[in-house]
Structure formats: structure tokens, C-alpha cells
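Below: the structure, in C-alpha cells.
Naming follows writing order (A, B, C, D, E and F), and every chain is counted from residue 1.
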Amino acid sequence: MSGGKDIKKALDEIVDREYTFMHICGTHEAAIAKSGLRSVLPKGLKIVMGPGCPVCITPQGEIDAALELAGKDCIIATYGDLMRVPGTKGTLDSCGGDVRVVQGVHKAVDIAKETEKEVVFISVGFETTAPTVAATLLTNPPDNFSILCSHRFVPPAMKFLLEQGEASLDGFMLPGHVCVVSGYEMYEKFAVPQVVAGFEPDDILLGLYMLVKQVKEGRAEVENAYPRAVSKEGNKKAMEMLYQVFEPCDVEWRGFPVIPKSGLRLKPEFKKYDALDKFGVTIKHVEKNSACICDKVLRGIADPTDCKLFGKACTPQNPVGPCMVSHEGACRIWALYNQKKY
Amino acid sequence: MSGGKDIKKALDEIVDREYTFMHICGTHEAAIAKSGLRSVLPKGLKIVMGPGCPVCITPQGEIDAALELAGKDCIIATYGDLMRVPGTKGTLDSCGGDVRVVQGVHKAVDIAKETEKEVVFISVGFETTAPTVAATLLTNPPDNFSILCSHRFVPPAMKFLLEQGEASLDGFMLPGHVCVVSGYEMYEKFAVPQVVAGFEPDDILLGLYMLVKQVKEGRAEVENAYPRAVSKEGNKKAMEMLYQVFEPCDVEWRGFPVIPKSGLRLKPEFKKYDALDKFGVTIKHVEKNSACICDKVLRGIADPTDCKLFGKACTPQNPVGPCMVSHEGACRIWALYNQKKY
Amino acid sequence: MKVNLMHGAGGAVFSDLLGKTLTKYKNNNAGGIGLESLDDGAVIPFGDKNIVFTTDSHVVRPLFFPGGDIGRISVCGTANDLSMMGGKPIALSCGMIIEEGFDIDILEKIVASMDEALLECGASLVTGDTKVLEKGAIDGIAINTAGIGIVEKPVRDNGLKPGDVIIVSGTIGDHGLCIMTTREGFDLGEQIRSDVAPVWELVKSAMDAGEIHAMKDPTRGGFSNAINEMAEKSGVQVRINEETLPIRNSVRSASELLGINPLDVANEGKVVMGVSADDAEAILKAIKKNKYGKDAAIIGRVTEGKSVIMETSIGGERFIEAPVGDPVPRVC
Amino acid sequence: MKVNLMHGAGGAVFSDLLGKTLTKYKNNNAGGIGLESLDDGAVIPFGDKNIVFTTDSHVVRPLFFPGGDIGRISVCGTANDLSMMGGKPIALSCGMIIEEGFDIDILEKIVASMDEALLECGASLVTGDTKVLEKGAIDGIAINTAGIGIVEKPVRDNGLKPGDVIIVSGTIGDHGLCIMTTREGFDLGEQIRSDVAPVWELVKSAMDAGEIHAMKDPTRGGFSNAINEMAEKSGVQVRINEETLPIRNSVRSASELLGINPLDVANEGKVVMGVSADDAEAILKAIKKNKYGKDAAIIGRVTEGKSVIMETSIGGERFIEAPVGDPVPRVC
Amino acid sequence: MCIAIPAEVLEIKDGNIAVVDYGDLQQEVRIDLVDVVVGEFVLVHVGFAIQKLSREEALQTRQVFEEVYAAMEE
Amino acid sequence: MCIAIPAEVLEIKDGNIAVVDYGDLQQEVRIDLVDVVVGEFVLVHVGFAIQKLSREEALQTRQVFEEVYAAMEE
């Protein structure tokens, strides 16, 4: 990967002061950690993680609802990511119910076709994922199938972040795979430097290079460093299907208040697949009751090490907050990859 | 136990021809087997087992009902005896339900007091046992407690046996512990030699001695060889309690047709404790569908070795009929204690 | 065909399963006594001595009971099997399978109890493995131990000879009835205590006192199972005298209450041995000196023939058979 | 505190539980290397040689998977731990815990597979125990094996020295990704096969070719866990070169699909060893001759310091840490 | 049926409960079905006293037995 | 979020299903969200193709990358 080394050199040359950019994609964070990318960045250049991990931003009340459903003799189908996220009374992994990890929503439907039990799919994910659920619901799944609908849209959260103004950021690295589906036109309304980036280390380095360049040149636009997969309009077919099945709604994010139009709910025609309706479960707001500062970490205004619990009461072994649970949670990644001295 | 040896001598002297007596008590059979009593009887004297084991005479339909209840998320409390009796689809032991062995009905009530689940006690037993259930129901058990009522009375079955006339018996050894409760007055209507006997080997030898003597003297009455526990009137208080709670009904016995007034059912005031009513379960008559001749064995007209399956398809390891399951079943006892040559 | 509970209870049913499936290994012997013998342990020649090797998994419920706990049993069960081969217990392995949610305090108590039993055995737990299974995949905990011992001249379970005398090292049925009354809610408290104990010292003193022809610990399936296996493998008849069987009064009462034959339930600190008649008294005396051997007794003799016969107190005879399945308390 | 699934997944969390509870035995050593070392096995001096002793319980799901089954793992898992100590596998014990209702046909297949693996190992299964639990008390079957081996000069897992070279005997992550894709319904068929195999012959040829300073099999917790344990116990730093790690293309694809690091999942037929730099080429050559060693590679080196560092392909650095808990497939 | 064994009443408690001794083994049993006092003997079945036994007869089963036996021998 | 990896379409089956190859690893995925033909490249997320990749770009990620990079260097 010769490109990487060249870009590194270019980056070293271009960075002349402190820059902080935020990415809002867990997969970006994972790629950064895995490649040791931060260790090759020039001094002064910093990339921090925003609310980009669906596990981290799913509020505790939704996990509690999933646990409540698991207690109702339902088969729970979920992405592995959610297995160890702590709800108020434990995790899906250890709740004793019939909880199965699936690759996608269609596999959950396959389970429903083979059983007479109720199957509930815990449906999290951003623009990237929601269309797969829409496509599946459009193929008429059996009556014993339903979803716990916890989808979220990225731009409203970004809007909220920008309006808060707490984080002193120089720009955003936009989530490549979200933009694959949604395109990036809707980000153009934000008057900050933004670059859509892919997930190879080189892609990320390139994204950073383009961000620094944009800042230095005093521009504030959306550029695309991931053209092999992302276009301005995205996947129109996928977005159309999404809107056939879902409609935007106001919803709480972990670490954020209710953000207008940032969630998805099933349209009336598809309400029969709504697990909350079907089982009379409601999502309760759970006040955070510990010293966990995940909310601040997710908003980019604190580092994990600013948390009093970090590395003490809260470790990857015994996580307190979702940022320590998720593979892509900033606290976990810091604890595993950034802390130990050598 | 010097008495035993003297009685043996007396028996040897008195037995002058073939005599066959039937006992109708599993505990007699167990005592006989355990002490090797048959091995000391004089040639010609034979004691065979009748329908005296509540496990053996409980029809398959009642076991099926118990299994059905176990499948309804009830806690099943039962005497250990019933654990391995095969119903149509398996046994209580291996049904996967929450099945608990208890010493008596009062312990099942204790379980009910500690849980919010339904607790069903499988209530089998003769006159000896039914009063313990009556006493318990009279102490107002909690609402989540009920019984599967499978009690039976001995005299109607004996009447049926005598009317059949199939077995050529010289007399009956009456069940000591049944008579402890019921007394033995009601047996006096049967015009055959009868002796109430206890359960020490000596008690049984004495009972046999008294039976032979009665036959030889041409009498046909009820004598009591167990006076330290049995009186003619029995335990009146116990029988009164029994009739406060139960009333006689017609019922099927395994190996027998429906025998009039040979069963007990709950009186209307206690119907709320009837598990069949409570859970809408009914007892179905199951036609025997194998070559098992338990019915004949129970009626005293066949020995286990007359059965084609005995020791082949039907063994204590893989019992086909209830007489091979019950610890007191004639087939099992023959297989374990009487068969192997040495 | 499916495995059923009977298959796990030792005795004839297990032999069926064993014979048909679990002994089908061609690679079953490392030069001495192997799996084919189904003795208390295997023997592997090593230089001028022999290694004894054995294993048992322990799933006893409740985990703690009067007189012991699953930890003590896990150590004694394996150390005693080594002892039954005449082997001095040296080292144990421990494989624990634990259910998620299991209480670590309880685990600590189990470990402490194992350690105490190890000290008493003079053996060490040198290697281990732990697996945690998700809730519901195992009921609490299962502990496997394997053990290594050393012996010069192994003792088998198949060496009974006509003329031998049968000795049991103490009262029969204590452990089994303790477990059963505790488990089934008979509320008998501490009145019946398990006999779980390491018997190596006792066995050693017996071996020093005379010739032991055959030895077995009457664990699962009880005395009935052990003596039948010994008789059958040795090709002899054993005759037991009912009146000489040492059974505690409390155990006898409980056995009547539960309708269970005390000969059919497990002991965890007892030995059944066949010894030459000439050495019997000396061996008995040696055993009685051990703290776990006070109630030892001569209970029978070996003759030509087959089967195990009980000579009953009324002068009758009956077979003692290996129990079919684990005994269940009963009322009729 | 309660046991949780993390405790069973090896690595740091297990060490916590281990350190606090499961190593609290005072009787933990029979004269050589004991439980306190937490090495792949224990070593007990016996005459002029040493007995190696180890145990593992096996609960893999599904029971049969591409490339192997629970039977093959049960034999290889223990034989390989013996091999990791430099010990030639001699004899195994087998403790099975089986759920009532388990299919005897399946049991037969497991036994046949164990027997085949035993033959390949040159070891015998000499002693066993079987417990049947009532339905629901265990999920299917669990198999514990313990093993005995013989060694003159044991190899430890704590002998890495600065200057040593790290060799892995073949591709990484095969078993773990096979199990995960099979279990979670990814429908990949036989495309990813477990590497489960006995490595004694491979290890022996390596020992014959040069000096092995430390050795460990990267089973549960994967390469990440094994190399961290070796580095930590040896008090050294290990630096791994990302580009030299042998990983099958199919395994790499699957690891991306599942969002799982192939270094964090189990291997069942691999060895990680630290060898003196002088012998490295000779040892590598010897290993490559073995049928299970074709993909062997030199993947790193040992320096002064601590931790395990990955030198990434973009010229960066990151820690390789022991995984926390068993990896779960993920999508984000 | 039915297993029943003799026991001595050691103590009477509230709620129809007595502590009995079977022979080095004590247990609480229900006494709903009998009227007993401490020192009397009862026959216990499924955890219930189902009948009283006279003290002499219970203590000396053999003796009673032999009396009956002797009477027969006449 | 979100993990998505490139794959080549090997076969199209009934019911919106395609067999794809990720690199020595084939799997059936759902193609409800894209219109593809055999030989094209797609990005797969949670078992669904979520977008097409141009063949050249997918095969030569590096090359595209370096072009962009070169353009920047100017």
C-alpha cells in the first residue's frame, strides 16, 4: 500500500497547527484502531469519535424493551453488537431467553418461517441498514415476525451537535457507508468542512488530508474521498424503499435529548410488524444514574480519560456505559488500544 | 427374630397340599422380595400379587393427564413412585417439566405457598393415603394448588376379582396399612378366607399360617394378624375426613374395566382444587396396544413369565408395562429377584 | 436410540450403553490396564513402577450437604478410585464447567473444600481448566477431576477367589441417603451425614496388613452395584450375610421412610474388598484403627458359582442385584 | 459477584477470576510445574523423566463442523497441551456429561472420531466416566479429557528471550471463524474449515531441529491471547509484523464479514513458539515438512520491554491485546 | 401399598405437627388424623401419622407376635 | 457504522438473491436494493447488497485512490 506512505508524507507536510476532526462512524473508529492510524498522524492532527455507533447511541430504555420482549417467550434475533449492551437489568447475552445472533433481518424472518413462536428482530442501524429492513418488510414476512424499531438518521444528530457548539471541531469526516445509501446532498446545508471517507487506512488518511486542505483553504463544503462507492444522490432505490415503510419521528439518543425527525417509525400499513404494539411494551426513558460521561464522550466534548470511572469501575471486562461495551465505543477502544504504556 | 423360625416350622408342618393366596399390597410384595420369604415357604404354598400397587393400577390415561399438566408450566409434585411410569409420550421423569418428588401432599402445599406458579399434586393412593389429602384440603391450601385426583378403594376391586372367578385362589392376605385406616369390617362380606397382615417377614409368615389354618378348618372369615396396628373399625377420624372431602365414583383400573364406586372424586365444595377442571384436561381411555399382559398379572391369572415380552422386550431397564416399572410391580420383582439362576 | 437417565446410573443399563458405544475405542490401552477393564482406574507401566490414572465428573446436588460438598467429593472421588487400584494419589487435574451467573462466593467455598481434601489426601491439584457456559446451558456447576497415582503392584476389582472373605470398611448408604433426604425436602437436617472421605490411608494400612485380592469403592449404584461387578468380573459367587451389614440406625430409619434400599445408594468414603480368609482378621483390625474404618466388618464370603446372594435374617435367600437407575424415594 | 461469560473466555477477565478464586489451592504442585504456573500443563518429576499432565473440558457447538467435531477436539485439545510442554501424549481420560435424550448414534460418531484422533496422536484413551443428567440440566454433551505425557526436558510458555524469533505453525483463525460462521447461520458451508489436528509430530520435529524457548497453542482467546500470555510471563515485548501473519483468504473475508479479528479466535491445530534466532530457519523448515505445518511463518521478534505490538501495514503501531470475552459477530 | 413406619412422638407443636423419632432419626409429621400425646407411638405414612400404636405393642412387636403365635400353637 | 464489504456477483437466483464472492468466500446475499448483473461488484452490508461498485474501482481501489491523491498533489 504505497499510497498510504505517500499520503502520510503529504499529511506531515500540510499540517501546520492543531486540527481536530470528528468522524461519526464506528467503522471508521475500528479501522483507525486496527491500523494504528493515530500513531502515524502528524503531531497536532486529531481525529475524535462522535455519535456514530448505533450500539452506543441506543438509549437504555430500548435495551430494556428488548429484554422485556426476551422475557415474553419470544425468540429475539439481533446483531451480535447488541448482545452485551447493559440494560437496567442485565444484557441480552445473559438474560436466559432465546436470543439469537443473525447476520441480517432476512435471517430473522427465516427463523420465523421455521417456528410457531414469535420472533422479534431488534432493528437498529442508520441509513445504511434501515433499507434492508424495509426491503424485507415489503416481502410480506409471516405474522409471527415483528421488529423493535430503533433506527436513526445521522444528519439530525449532526445538526444538533453543530447547534450545541460545545465541541471545538474543525470539520467532520462523514460516514462512508451511510452516504453510500443516502448520498451526501443533505450534508451540504451544514456550513462546516466535511469529507466523505472510505474505510481503508488510506481512505481515512486521504479524508483527513482533504479536510485539512479544506480548512486551510477556508472552504466549508462536502467533498467525496470515497467515490468508488459513494455518489451525491446515493442509492435512490434503497431510500425509496426506506420511505415506503418508515417515516421520520422524534426520538431520544443516548447522550442526547430528543432530536426532532432523527428516528424512524413504521408507517401505519406496517404497524402489524411493530413489536412494541404487538406485545404492549413501551420504551421508558431511563435517567442515567452513574458518573458515566458517555453522553459527553459521544458529543465530542470529553475524552474517555476525563471520566472518573474509566479504567477503574468501568473496564472492558465490566463496562458501565455503552461506550465501553461497543466494539466501536470510544471508551473501549481507548482502554484496549490507547492506554497501556510501552 | 426367633419368632420367624418357629413360624416357619409351624408352616412346614401345616402345609399339606398346594395353596395359593393373593396379597393385594405392594408393600407386602416388597417385604416378601427383600426378605427372600418365598425361598423359605414350604413346597406347595404360593403367595401371588394382586392389584395392590397404586402405580400399577393407575391407567395410562391418568399418567398422560399428569404429563399434559407438566407441559402447562405447572410445578408437578408427586411421589417418587410415579416418576418412571410410562405414559403415551414418555414419563414424568424425562418430560422436561418442573417435576418434584415430595414426601406427601403437605409438602406440595408448602411448595405452592412459596411460588406464584400453579402446583399440581398427583394424588394417587388407597384408603391409607386419601385421608392425608383430605386433611390437607381441609386446611385451606392456597389457590395455586390443586390435585390430580387418582385415588382408589380396595374392596370394590376385590369384589370384582371374586366375581370374575378367573383366579383360583384359596384366600387373600389383606393389606395391613389400608386396614389400619379403613378397618376390615367391609371385607367380611366376601365369602373367602382373609387375614390382615403386617409387613415384617414374621407378620407375613403368620398371616400365611393363619390363612392355611382357616382353609383347612373350612372357615371363610376375616382374621387379624396385625393387631398392634389394625382394629376392626380402623381410624374413624381419618375415614370421616376422607368422606368430608371425597365421594366415591366409578373408575377404570389398569387391567380392569370401570369398577363401580372404586374411585374417589372431590366433593363440589372442593372442586376448586381439581386440576382437571382447573386446566381443562380430561382423562382419556388408552387402549393397551402391546402384548403386555399386566392386566392378567394384576388379576392374578397369569405370572409375569407367561408374558411373551418378559425379559425380552420388557425389562427393568426398558419397561413396557407398569408392572415392570413399579418397584412393587410383579414383573419387576420377578425380573430382579426371581429369575436369575444360581 | 436415546441416552436416558438409567444409562447414567451405573449397573446393567449403563453396561449396555458402555458395551455398545463408550468402549468402542481401539486405542484404549497404554500398555497396562486400560479402558477395556472398566476398573476403578487405568494402569500404565512407567519404569519399574506403574502410573494409575482415573477420572470422574461430579454433578452432585445439592452442592453443599451435611458432611461434605461437591468440592470434597470431586477430590475424594478421584483419589479413592486411585486408591482402589492400590495407588497412592499424587496429582489431580480439575475441569470446571460453570453456568453464567454462578456465585463466586460459592466457588470460593468449593475451592477451599477441595484444598482441604487435597491436604488430607496428600495430593495436589496441579492443572485445571474452566469453561463458563451461558445461562441455561448447564445447571450450576460440574467438576471433573482426573488423577494420577503411583503403585508397584496394582489391585484389581476382578481378583476375588473362592474362600475369600468380603470386608466393608464402614457403614453403608450414608452418602446416598444424606443426598436423597436433603434433596427431596425431608427436612432431616444434619441427622444423616455423607461419609465422603479419602480412603488412601485406610487402604494402605489394609494392604500392609495382608493380601487384598480385589477392591472397589461402592459409589454410584451403591454396595449392590460394586459387589455385583466384583463377583461378575471375578467369575465367582458372593454370599452376603444380611445381619452383619453395618448400617447406621438413622440411615436404616431413613431408608424405610423413603422406601429405598441402603445397599443401592452411593457411598463416598468406603471400600469393599475381598481378602484371603487367613489375612481377614489382621486386615480388619488394621482398617478399624483408621478414623474412617471404625465400623468395618466382615460381611460375606466368596464361593464358586455366580451372582451375589443375600442370606436374609429369616434364613431366606435372595439376589442382590445392581440397581436399575438411581433410586427414587417412594411411598408404596 | 457472579461468574459471567467473559470469565470463561480466557484473557484478562479470566485471570481476574483465576487469580482471585481458582488458583487459591495451597496444594497445587506435586514437585515440578504446578497449577501456579498456569502453563499448558503440569509437570511431575518421575524417576529420571517427567510426567506431563493436563486437562480441558470441551463444549464446542455445533458438535460437528467442517473439518472436525467435538470428539476430535477433545482428543487434540488435550494432546496438544501435552505437546506444548514438550510432552509426548501417552494416555487420555475421558469424562462425558450427557443430557438425557441425547442421540446414541451421535455419541457413536463422537467416539469414532475420538478414536481416529487418538490413533493419529499415538495415544490411548485408558479410563473414563459418564454422567447422564436430566433433560435441561446440560445442553447436549460436555467432554472432559485429561492427558498424561512424558518429557525429558519440559518446554514452558514463559521462556521468551529478547532476540528470539516468533514462529506460528500455520494459518491463524481457521477454527474460530469456522465455528462462528457455522453457528450463526452464515451458510458458508464447507468453505471455512477448522484446523483441529494433533501437533505432536510437528512439535517433535521442531524440537529436534533447534532450541525452542517457549511454546503455546493459540486456542481460546486466539493468537492475541497466547502471545500476550507468553510475553507477559516471559517479561519481554513481542513485536508482530502484520504483513507476515499467515491468514487464509477465506478466513480474512469471513473475518471482515463478521467484524471479527481473526487473531482473537481459537485455533485447534497450531503452535506459537519463540525460538533462538540462530535456529529459526532450521525449525521453520522442519515444521514446514509436517502436513500441519505447510503455512508456517516467522511473524515477529522478541525485544526488551513489555506488551505485544503489531507493526501495521501502514507503518503504524498498535497493541495486540487479549480479547475481552468471546468475540461476537457484528455489523457495525 | 403403602409404606408406613412406626415412630415415637417426642413433641407436639402448633398446627397439627409433631416431632417423631423413627429410630435415631427425627422428623416433623402431621397429626391431623390422630389424637396423640407425647410418648405415644404412631404409624407414619407420607408424612402423616395415620394411627396410634400402643406403646407396648410398638416397643415389643416381637412379643405381641409371639403371644399370637403361642395362642395358635395350642 | 456500518461494516460493508465489496463482493463480486457470481450468480443471480430467484427471489432477489445473488451468490457473491468476497475473496475465496462465497455467500448468498439479498439484492432487493440494487439492480445488478453477474460480474458486477457490490458492497454488502448485513447480508444485503447496498450499492454497486464499478468493476474497475472495485478491482483497483488503490489506483483510483492514487489518482485522487495525484490530483491533490498538484
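What we mean here is this: a residue touches a chain if its C-beta (ideal position, glycine included) is under 8 Å from a C-beta of that chain, and two chains touch if they have at least 3 such contacts.
Small disclaimer: the values here were computed from a predicted structure and weren't measured.
Minimum number of contact steps separating subunit B from subunit F: 2.
Chain centres here are means of the Cα atoms, and by that rule the chain farthest away from subunit E is F.
Of all chain pairs in this entry, the one linked by the most C-beta contacts is C-D. Computed from the mean C-alpha positions, the centre of subunit D lies at a distance of 64 Å from the centre of subunit E. Chain centres here are Cα averages; for subunit D and subunit F they lie 36 Å apart.
One inter-chain figure worth recording: subunit B and subunit D are separated by 59 Å, centre to centre, where each centre is the mean of the chain's CA atoms.
The set of subunit F residues that touch two or more partner chains comprises 1-3, 45-46. In subunit C, the residues that touch at least two other chains are 4-6, 100-101, 134, 136, 186, 259, 330-332. In subunit A, the residues that reach two or more other chains under the touch definition are 1, 26-27, 53-54, 79, 93-94, 103-104, 107, 125, 129, 202, 328. Chains that are in contact with each other form these pairs: A-C, A-D, A-F, B-C, B-D, B-E, C-D, C-E, D-F. Those residues of subunit F that touch subunit D in the complex are listed here as 1-3, 5, 22-28, 44-46.
Taken in their complex, subunit A has these residues touching subunit C: 93-96. Contacts from subunit D toward subunit F in the complex involve residues 186-188, 191-192, 248-250, 252-254, 256-257, 259, 330-332. Partner subunit B is touched in their complex by these residues of subunit E: 1-4, 16, 30, 32-35, 43, 45-48, 50-51, 53-54, 57-58, 61-62, 64-66, 68-69, 72-73. Within the complex formed with subunit F, the residues of subunit A that make contact are 1, 3, 6-7, 10, 25-27, 52-54, 79, 103-107, 125-126, 128-129, 131-132, 135-136, 138-139, 175, 177-178, 180-181, 200, 202-203, 206, 209-210, 213, 225, 227-229, 234-235, 237-238, 241, 328.
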